[in-house]
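Input: a single structure, listed below in structure tokens.
So that you can tell them apart, the chains are marked A, B, C and D in the order they are listed, and the count of residues begins at 1 in each.
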Amino acid sequence: MLFQIVKSEIVSHLSYIVGSKNEAAVIDPRRDCQIYKDIARKWGARIKYIYETHRNEDYVIGSLELSNMTGSQIFHGIGLKWGYGETVKDNQEFSLGSLKIRALYTPGHSPESTSFAFYDTETEDQAIMVFTGDLIFVGDVGRTDFLGSKMTPLMSEKMYDSIIKRLLPLGESVIMFPAHGSGSVCGGKIKEREISTLGIEKATNPMLKLSKEDFISYKIAEQHEMPPYFKKMEEYNLKGPPILGNLPNPPPLKPSIFNDKIRKGAQIIDTRSPSAFGGAHIKDSYSLPPKRLSYAGWVLTYDRPILLVIENLEALDFAVQNLVRLGFDRIDGYLVGGFESWYKDGLVFDEVRLMSVQDLRQRIISQDDIAIIDVRRRSEWDEGHIEGSVHYYLGHLEKNVDKLSKQKPIVVICKTGNRSSFGASILLRKGFGKVHNCLGGIDAWNKSGFPLTK
Amino acid sequence: MLFQIVKSEIVSHLSYIVGSKNEAAVIDPRRDCQIYKDIARKWGARIKYIYETHRNEDYVIGSLELSNMTGSQIFHGIGLKWGYGETVKDNQEFSLGSLKIRALYTPGHSPESTSFAFYDTETEDQAIMVFTGDLIFVGDVGRTDFLGSKMTPLMSEKMYDSIIKRLLPLGESVIMFPAHGSGSVCGGKIKEREISTLGIEKATNPMLKLSKEDFISYKIAEQHEMPPYFKKMEEYNLKGPPILGNLPNPPPLKPSIFNDKIRKGAQIIDTRSPSAFGGAHIKDSYSLPPKRLSYAGWVLTYDRPILLVIENLEALDFAVQNLVRLGFDRIDGYLVGGFESWYKDGLVFDEVRLMSVQDLRQRIISQDDIAIIDVRRRSEWDEGHIEGSVHYYLGHLEKNVDKLSKQKPIVVICKTGNRSSFGASILLRKGFGKVHNCLGGIDAWNKSGFPLTK
Amino acid sequence: MLFQIVKSEIVSHLSYIVGSKNEAAVIDPRRDCQIYKDIARKWGARIKYIYETHRNEDYVIGSLELSNMTGSQIFHGIGLKWGYGETVKDNQEFSLGSLKIRALYTPGHSPESTSFAFYDTETEDQAIMVFTGDLIFVGDVGRTDFLGSKMTPLMSEKMYDSIIKRLLPLGESVIMFPAHGSGSVCGGKIKEREISTLGIEKATNPMLKLSKEDFISYKIAEQHEMPPYFKKMEEYNLKGPPILGNLPNPPPLKPSIFNDKIRKGAQIIDTRSPSAFGGAHIKDSYSLPPKRLSYAGWVLTYDRPILLVIENLEALDFAVQNLVRLGFDRIDGYLVGGFESWYKDGLVFDEVRLMSVQDLRQRIISQDDIAIIDVRRRSEWDEGHIEGSVHYYLGHLEKNVDKLSKQKPIVVICKTGNRSSFGASILLRKGFGKVHNCLGGIDAWNKSGFPLTK
Amino acid sequence: MLFQIVKSEIVSHLSYIVGSKNEAAVIDPRRDCQIYKDIARKWGARIKYIYETHRNEDYVIGSLELSNMTGSQIFHGIGLKWGYGETVKDNQEFSLGSLKIRALYTPGHSPESTSFAFYDTETEDQAIMVFTGDLIFVGDVGRTDFLGSKMTPLMSEKMYDSIIKRLLPLGESVIMFPAHGSGSVCGGKIKEREISTLGIEKATNPMLKLSKEDFISYKIAEQHEMPPYFKKMEEYNLKGPPILGNLPNPPPLKPSIFNDKIRKGAQIIDTRSPSAFGGAHIKDSYSLPPKRLSYAGWVLTYDRPILLVIENLEALDFAVQNLVRLGFDRIDGYLVGGFESWYKDGLVFDEVRLMSVQDLRQRIISQDDIAIIDVRRRSEWDEGHIEGSVHYYLGHLEKNVDKLSKQKPIVVICKTGNRSSFGASILLRKGFGKVHNCLGGIDAWNKSGFPLTK
């Protein structure tokens, strides 16, 4: 049997390819989908089915792209006016080699959410595994806020029922494969472990220990962020996104041409490390270290070209791949020779001063007149922050800059220094002069034994 | 969390690497073990522990080789006089990042067999998965015949108890990872599906539906083969095999030098397809198509060099890798330029006539005077064979050739044509002249709707 | 400076990429042209110019495909009504980083043939290297027969003048890079060594030692083959071939579906070795071992789909790549699981008996009634052949089968056994029953010390 | 024919592998020599000969390592007491497939320097190419100062004679392959173009336009640097360096363990970009950007372990490979998770302020009290430098720090910013506080149109 997890790190998206006897199925493919074809080819299978567990909000689904390559059939859930593929019926069954697949209508995360249970027909038709999409994760459940706060109670109730009445009856020994892992914006408490069973979740998932009422109340009280690019994703994933054929292949640009494009309005993403960005960078560029590239969805627009400052070709491929997953296909080029070629040409650069937690601590003790901006998620802030710091969630920083003073030094802080580098770059772009990034962030602060407040 | 299955196809051996927070453990590493190091390195972890579920009989364990590379600690079970590593106590616990590992003494397959259960300390110390070695497989259990038939009843009883009293109590929702998959000589009925839980096995594994008495009786009645190379494996795996450092790198040999080495007693393995071997091959070579390379353990000796006839460099690497897993390290070279270079030099070659099942059927109907030798395993033969054929298990063919007549044409048959190609090559080496390989074998015979008898 | 040779083995085509200071030029790109882009990207350059030395006859030029990927300008020679690109003037100069490129109008092989000389502006504007296309090769010169025998004298004269008056004046120390290496149909005596200078050629190239008159006479007397696919190449390379975007990605086909497509008229190419094809193959398939794949141009039609029987995925990629170079883009699939899956399904197969030179010699001595068909090129045949054999050039065999008797056994022979395997497959397709391939061919015959006649 | 250049970028070392008819020769192999074996294997050849053109001073020769892998014979020049290999006679000939190789005794760079000319026996025994080692480069000749200034006149004379009397007589059309390309410390004016012929050099190499007297005078007047590691190289390359077997495989180290090793005296190399090093780095580490890694030979000692701060695994491999080429085999580990893991753990870091040329220019105009240290080679300094700057060659900076004042800010400058980053890191290690690296260096200064003085 073929079974392989394909993980997309930045959005912590988990997709899967399963095969039996020369036939394969892919669950929730990503847009850069050559990988599924390569796996199937190597294993000697044709991709017969593509299943979508739900209309994704946080990345562009690759079903149409993959189907275009392979001729596979696409199936998704009941109730949306899909622009492509076919709608699956509840309990509809499929045959894949010696496997049987059953669609389970499991709304909650979204109205059309569907789970797919796989049975081994050679083993007494035993249910072996289930792909749960955003219904349930390892240690958490999916969001129920996408239809707006009015609908959250109803969606939460549906989710509870879907888990209790449709999913768990499959049996405790069934292995569970969700659509997201730890780090996703689609579930804040997902465990790092990417392997679980319905039994393990039943026993340990905190959400499954709640009564139905408590479950619904908990979900209503939850606070989630909704980056602006989600709108584009929803539109794409309903109607079908543009077909790429191949990934964009941005050309190498000399500094002078790169500079021309900046002047004409291109958006610059610098994926180098916070240390390098702090040391020197092109004015007006966004600092988006690889791990935090998905924050591009908060600030980039779809209608202007993107330029990349990257360390090497591997980083270029990584950036392109991840931007495309967010629908940002207009990548006009990268700075050839890296940032070095910029300053070798005598072009000016900017800096972000990097501050250690020891320095920050000292300045607080010395009562220096500095503003400390904490850009982490609300839930992280609530768990403990530096006394005297103020909270602006990173995604909301750009629209809140008017509330900040340009007079005094600003120290941006997050958990480790990546998101704060992005935050600092936003402030620089808005004309703030004395911006610092606290390298190490709250992690380093804690390690150093400095106090937090709640 | 890091989790990856490393499968060695020929012996259907499953090994695993698990990691948490920069620490990794490997379960039952194979001898060509660079792969574990590469995975750990890419993931950013050091290999801290190596666990052996038992002293393997069918391949050379890679623990010492890997430990030599990485400095990892090796642990194996109670009761053997190990020449390397440390003996683990029953219920001994280890810490690996946020995982806890507990050793479970589970004799049965061998006296020292040990299972390793992994718990997630961040999830209520929940047992997540268990590595069962040769105790239990997906759909089958391990062999209990290695200590000899007198001990089989006792070992079978121990196995039953280990499964029922030690393993199943971990809980139905625990995911199970055995040391072998479908196709292994260590368990005849292992399912193709490589993924299961204790609950799924409890519900569907035929062996777990038996009473203790029936379980023991069943195991006593089982018939298994024991290739001669197992002795070497047991010796190696107890004392510690020779350290390779790097895989052998056999040099390219011109036909004339290749031929010299043959004359001096080298053993020739030809891994080309049965079609190609049938068409033309070097006299006295063994036909061992890649999928059946482990049959080398029935005929090769450890004290004479091995020469390879392979199709391309990929096949060369494959052959070297797999021979080394069986302890055959003396690989003196390969025929450069492939078999083509042999006949281009005007060197003579031999053939095996290839017969279709249609031809074979016709000859039987015409009552031609031919001998049909079925070389499959006894259990396969018992499930149905061609009327008039005689059975010699492939592994025993060489020592039984005296029972066969050289006068009449022989057709060797197996399931598809790979093992029969090996069988045919054995007969040719022994001086039989009119040897045919039935391409397609019983599979093709069945597909053609021809009758079998039992 | 960037300099890399990109060699396409089957048609012995040499293309080049040269770069200086972030700018690159490609000379005579092949159609599977991702490789030039990858080289340029890794080196940090944009491909600025694509130069065609002439309208190629033996493969599809990749200029348009590459230009489509990279936006490079395409230049070719004077006098043809090109459907794409720009016409270069004689002595026109280009700047590429610190290099200067000068186009030299050098007709002879074709009316528009152009050479490109590269000068190093940082080294006294010294001519460094020249790309000569099919004007001159290492040890030979290009064909002059493409405009028909009437034009050969004139074209030969032009070629002589181009070499003597335009090329050699660049200087003896200039390094020379032609469009073909040893093995090409575009020059029979090209040396294996792919490196030369104008001085070395002047001193050693036998064609340059001839007087003008002798040169022309020699060229008029030459005999070259013209496979039917050349017509398609000329058409494509004048108007611009279809853009692929990506290489065709033939799907894996099960034997039953493969068989259906055969029945509907698909053409089957089997790239396995002559030994394997001899042993067993699908009826009506062409035996085209990788090294001889370009012979497909003699028998395939462009209007029917092609199916592939290949040994592994590497061989699949190789076949696809090489067929596409000949314009055969309609590749409908490959037999998944290899030829083994065919006979496992009980489908019938055919054989070609393989004969050693020893056997052949014996049969000749015994005066067996056999026909020996030598399918090598006329020039090879003229250098020596087996007494009693008859000559049909491989490319002409199909249309000459009526001249052969189906009654007596036929032995096809070439230099080593690859072309004769193709020849044997042609005969089998035409209903000949007793067809043998002489493995080892004239090479083995010679090595065995058997006599040839002239 | 096989011909491939293997270039080692940092030391601009050019090595070569040449093959004919299954036999190959390697000229001046590097120490990480698996690559030659892989090339030979892929091409189907055995490496028969290894030729050393001279005892190298700037890197560890890989002959012994490669011979150990492949059993090849090693040959080097006359007159040294070699600890391994064989001494070749002047005019000694070798056969390699259809090639003939002749050793030419060409002292000058070193007393035993030998060139190797390759002849094509299939082309009238024509000399095709010559491997010249450090005798002559493209656009320059080798150093003659290694035996000390007293011997320079004599060695220069020998060099002149070797070129004029032994090399050039091979003929202008012979292609020339030297041991170094542009950027090597072994020849300051080597051209970027790596391809030349004896004729091109005769016509354009400035050194060949000098009379013998002028040649010698020029060489006597030349100034070259001699990094301390050269001593170790000479020792290794005479006696034979330690055999590695495999490249060192430094383990991933957590920050705490990394820090322990620093405290115990390990030397830290940080290969991140000058921007990143400037932004933040571990105290006391050397900034050695990849392109300038060979400067490690000026400061590292062989008796203390080395630790690496690298951006990613690719950079790790690069660093290891290049350190090993300089004989630095004791690499104890790398910081796992990159520099981010350091500051996440709350460990302190240091910075180097990065200054643009615009800022620097402004400070000079404002007559700020700053010291500008130019660390380029003497010859670069002589061609033009910033007025008011002082010159300390980078290699001599560490021993000259006492001459610098710690009171005023220091700006270190080189050509682009890499060497000055190393210079700045040396000063920081020596306790200087206000150290700046001028990003862009003299290149940017020039591009900005600012004035230089001589």
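Keep in mind that, in the parts below, contacts are C-beta pairs under 8 Å (C-beta built on N, C-alpha and C of every residue); 3 or more make two chains touch, one makes a residue touch a chain.
Just so we're clear, the structure is a prediction, and the values are computed from it rather than from any experiment.
The pair with more inter-chain C-beta contacts, choosing from A-D and B-D, is A-D.
Of all chains, the one whose mean C-alpha position sits at the greatest distance from that of chain D is B. Rounded to a whole number, the gap between the C-alpha centres of chain B and chain D is 50 angstrom. Chain A and chain D have CA centres that are 44 Å apart. Those residues of chain B whose C-beta lies close enough to touch chain A in the complex are 1, 3, 20, 98, 120, 122-124, 126, 128-129, 139, 171-175, 191-200, 202-204.
Note for the complex: chain C touches chain A at residues 22, 37, 41-42, 44-46, 69-71, 245-246, 249, 251-252, 254, 313, 336-337.
Across the complex, chain B meets chain C through its residues 272-281, 311-312, 314, 338-340, 343-349, 351, 354, 356-358, 416-418, 439-441, 443-448.
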